[in-house]
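See below for the structure under consideration.
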Amino acid sequence: MEYVALATGLLLVLTGLWGIASQRNIFRIIIGFSVFDTGLHVVLVSIAYLRGRTAPILDEAVSKGQAVNRIVDPVPQALVLTAIVIGVAITALMLTFALKLYEKRKTLEIESFEDLKW
Amino acid sequence: MGILHIIGGAVSILGALFLLLASIGLIRMPDVYNRMQTGTKATTFGTIMFLGGIGIATPSMATKLIILVLFIVLTNPVSSHVLARAAHFAGVPLADRSVTDKLAEHRAKEGVQ
Amino acid sequence: MIYFWVLTIVICAVMLGSAIMALYHKSLAVTVIAAGLVSLLASILYLILAAPDVAMTEAAIGSGLSTVMFFYVLRRMRGGENG
Amino acid sequence: MGDLLFLIAGSIAILAGLLGLIRFVVGPTLPDRVVAFDVLTIITISVISLIAHVAGRIIYLDAAIVYGLLSFLGVIVVARYLERGL
Amino acid sequence: MGIKNFILSVLILFGTWLLLGGTFRSDVLIVGGALAVLITLLFVRQPKALTTLKVRPYALLMLFVYFWVFLFELLKSNLDVALRVVSPRLNINPGIVMVKTKLKSPMGRLLLANSITLTPGTLTVEIQDDHLFIHWIDVSSTDVDAASEKIVKGFEKYLEVFYG
Amino acid sequence: MVKKIFALIALAGIAFMLWGLFKSYRHQETLPRTSRYYAQKGPDELGSANLVTSVVVTYRGLDTLGEVTILFSVASIIGFFLKSRTQRELKAEGFRETSELLHTSTAFLVPIIFLFGAYVFVGGHLSPGGGFQGGAIIASGTLLLFLATPTASRGKTIISLVESVSGVAYVGIGIAGIFLAAGFLDNRILPTGRFGTIFSAGAIPVIYSLIGLKVGAELSAILYKLKDAKEDE
């Protein structure tokens, strides 16, 4: 199961990167970035998974004493938790820049931004 | 475990069948409005039965399932109403076999709004 | 746990498909919704991988916030591409 | 026995989701796709509850409640975009 | 916002909190009560969605009856639509009709429209003043009064008891 | 075309690297050392039932502080770039009126959404959830208000007030940990309480609530800026 999820995450990373590299429209590049982001999160979460174990939250189902042998790794999950919110903030920032670029040139085609081309 | 589990499973299967019927309707219906009819509403009923079955099988989950059903029942009709209104405003046509469109007549009479 | 296996494989296949749809569909609005579908399926996958916290974050972010950010920008360039 | 029934129910739900996905892919207009997306969200809620039941953890249901309360936001966003009121 | 509204809002929020928490432990009750009051205070200038609710024993009884009527309608119409979906010829006759309602209070109209939308076969498309425009999967009459009789009356006679 | 070929070559290189990563992955049977420490000692040391929460808030508290700072700077940068339209310009835009039903249900649902967000971050140490999820849910509630009334622009002051107050209080509690307990952002400045109740785990519920308010206000501010963005000229 975790191998399938890991492979999917890596393929999503590749898909997102391919989108970023090959698309012409800045809006689509941002969507590619969000796919790439989701892929990275899936990779991290699937690395945290241990076979046959359950979520790292103690309640009636998992008691304190048996926690070490019953739960999955909490650290990557904590990293992903913050990474998702950061990802949304970064997406908002990129969208703001896209909005400013659109107002300047009335287009988002990346070919038309050639000021720094050499 | 035991008899409650089996009853819950049977109710859940009924609910899942309603979900399946809704999806079939989603594919077969001719236009957006009819798809909403089966799509968003039959699924609501199917979900209520599905969750009810799980609630019968594990009574400790019952309160959370009740609040889940309440939230779905409160929010789902609003979203489908707003979407239908927007679709009609944006000019998504009704299917050819539709009998009448009083709203378009009303709009034409009172000017676009 | 054969059921979870099947579920994982189905979800992963659909996720990859909708990621490709998110990149290559010609209407920008549809690409945003397809990206939303990727996030929806990812949240089921997180739950199968025993990470309810992450699934909840993805649900809270993906159900409204990220979609609306894209659409706030998209409404400006309505004329630019077939929207 | 009981678990088998639940697994059958879950399989039917997955099948329903795949059928809804067909409408999401072919759907001629944007509202069609949004309706299909709504159906997929609701099926997701069912599947999450089923996972919570099979795994035996009540706490998984919280994620389903988030979808139950917030999933209509996405639909309203697209609707307001369509009627130029965003 | 009057005192009645305030109490109602606090009660609704507190009930939601109890269902979410699922226990009656003291810490859950204390935090829930404090949060319910705080959030009500935050929205104290909001429009009063609940003002027109008439809290009387008879109205509460009607609310209870309405719940079961609605559930029965839901079941009936779901079976009806399910039969239409699986019938090979796709036995539908759709159209948008206009109906009238007597309800004035916003919350009553919301409940009416939501009930109409939740029962498959009918879908509220637009609401203007006292007219509702409803997409109906099986139009049996395009006349305003006849359609109102069929779609609205069943719910309205209960709703107007507790929302004028 | 040449560019596409270059992109393809670069992507093939990355794919090769990722393939190596995938091949070298072996699934583990036990927790890594750090995580084992957190799982063994965490519940008794901090009193938090949700181990992810104890990692986010206390063991890796500095990461979270940095994350909140990033959110803050993103919100400031967006505010710097986008100018807001005035009330009159918004009115002149000619938005289509929202449906009456959406108005009514907004008035009904937004308090419930806020309550649910509060539930998520207050119970962050017992059940899944916490400041980030709760903040996102609260921002979704604000978003619903924006969607129902696009022309209104009230609540700006309350958003910035909540943002600054919760940020200062968060750092203040963190510094209090240095003096009253073992270190920065230590949660044992308050009693650990009985395991499994809301008033337990020391300062974790307080810190997570502050993070929740902060994240909610921050995301709401970002949404506000994007909604009211004005074009140049």
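Order as written gives the chain letters A, B, C, D, E and F; numbering starts at 1 within each chain.
One rule holds for everything that comes next: contacts are C-beta pairs under 8 Å (C-beta built on N, C-alpha and C of every residue); 3 or more make two chains touch, one makes a residue touch a chain.
Remember, it's a predicted structure, so these values are computed and weren't measured experimentally.
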Steps needed, at minimum, to go from chain B to chain F via contacts: 1
Farthest-lying chain, centroid of Cα atoms versus that of chain A: E
Taking mean CA positions as centres, which chain lies farthest from chain C? E
A student comparing A-D to A-F should find more C-beta pairs in contact for A-F
CA centroids of chain B and chain E: separation to the nearest Å works out as 15
Based only on mean CA positions, could you tell me how far chain A sits from chain C in angstrom? 11
How many angstrom between the C-alpha centroids of chain E and chain A? 40
Taking the mean of the C-alpha atoms as each chain's centre, how many Å separate chain A from chain B? 31
Chain F, residues touching no fewer than two other chains: 50, 52, 96, 99, 101-102, 105, 108, 112, 116, 120, 127-130, 132-133, 136-137, 140, 143, 147, 219, 222, 226, 229, 231
Shared interface positions of chain A, touching two or more other chains: 2, 7, 18, 54-57, 59, 77-78, 81, 84-85, 88, 92, 95, 99, 103
Scan chain C for residues touching two or more other chains and write them down. 4, 48, 50, 52-53, 55-57, 60-61, 63-65, 68-69, 72-74, 76
Chains that touch, pairwise: A-C, A-D, A-F, B-D, B-E, B-F, C-D, C-F, D-F, E-F
Chain B-touching residues of chain F, taken from the complex the two chains share: 96, 99, 101-102, 105, 108-109
Of chain D, residues touching chain C in the complex: 7, 10-11, 14, 18, 21, 24-25, 30, 33-34, 37, 40-41, 44, 47-48, 51, 54-55, 57, 59-60, 62-63, 66-67, 70-71, 73-74, 77-78, 81, 84, 86
Residues of chain D that touch chain B when the two form their complex: 1-6, 8-10, 12-13, 15-17, 19-20, 22-23, 29, 31-32, 34-36, 38-39, 42-43, 45-46, 49-50, 52-53, 58, 61-62, 64-65, 68-69, 71-72, 75-76, 78-80, 82-83
Touching residues of chain A toward chain F in the complex: what are they? 2-3, 6-7, 10, 13-14, 17-18, 21-22, 47, 50-51, 55-59, 64, 67-68, 71, 73-75, 77-79, 81-82, 84-86, 88-90, 92-93, 95-97, 99-100, 103-104
Show which residues of chain A lie in contact with chain D when the two form their complex. 54-55, 57, 59, 61
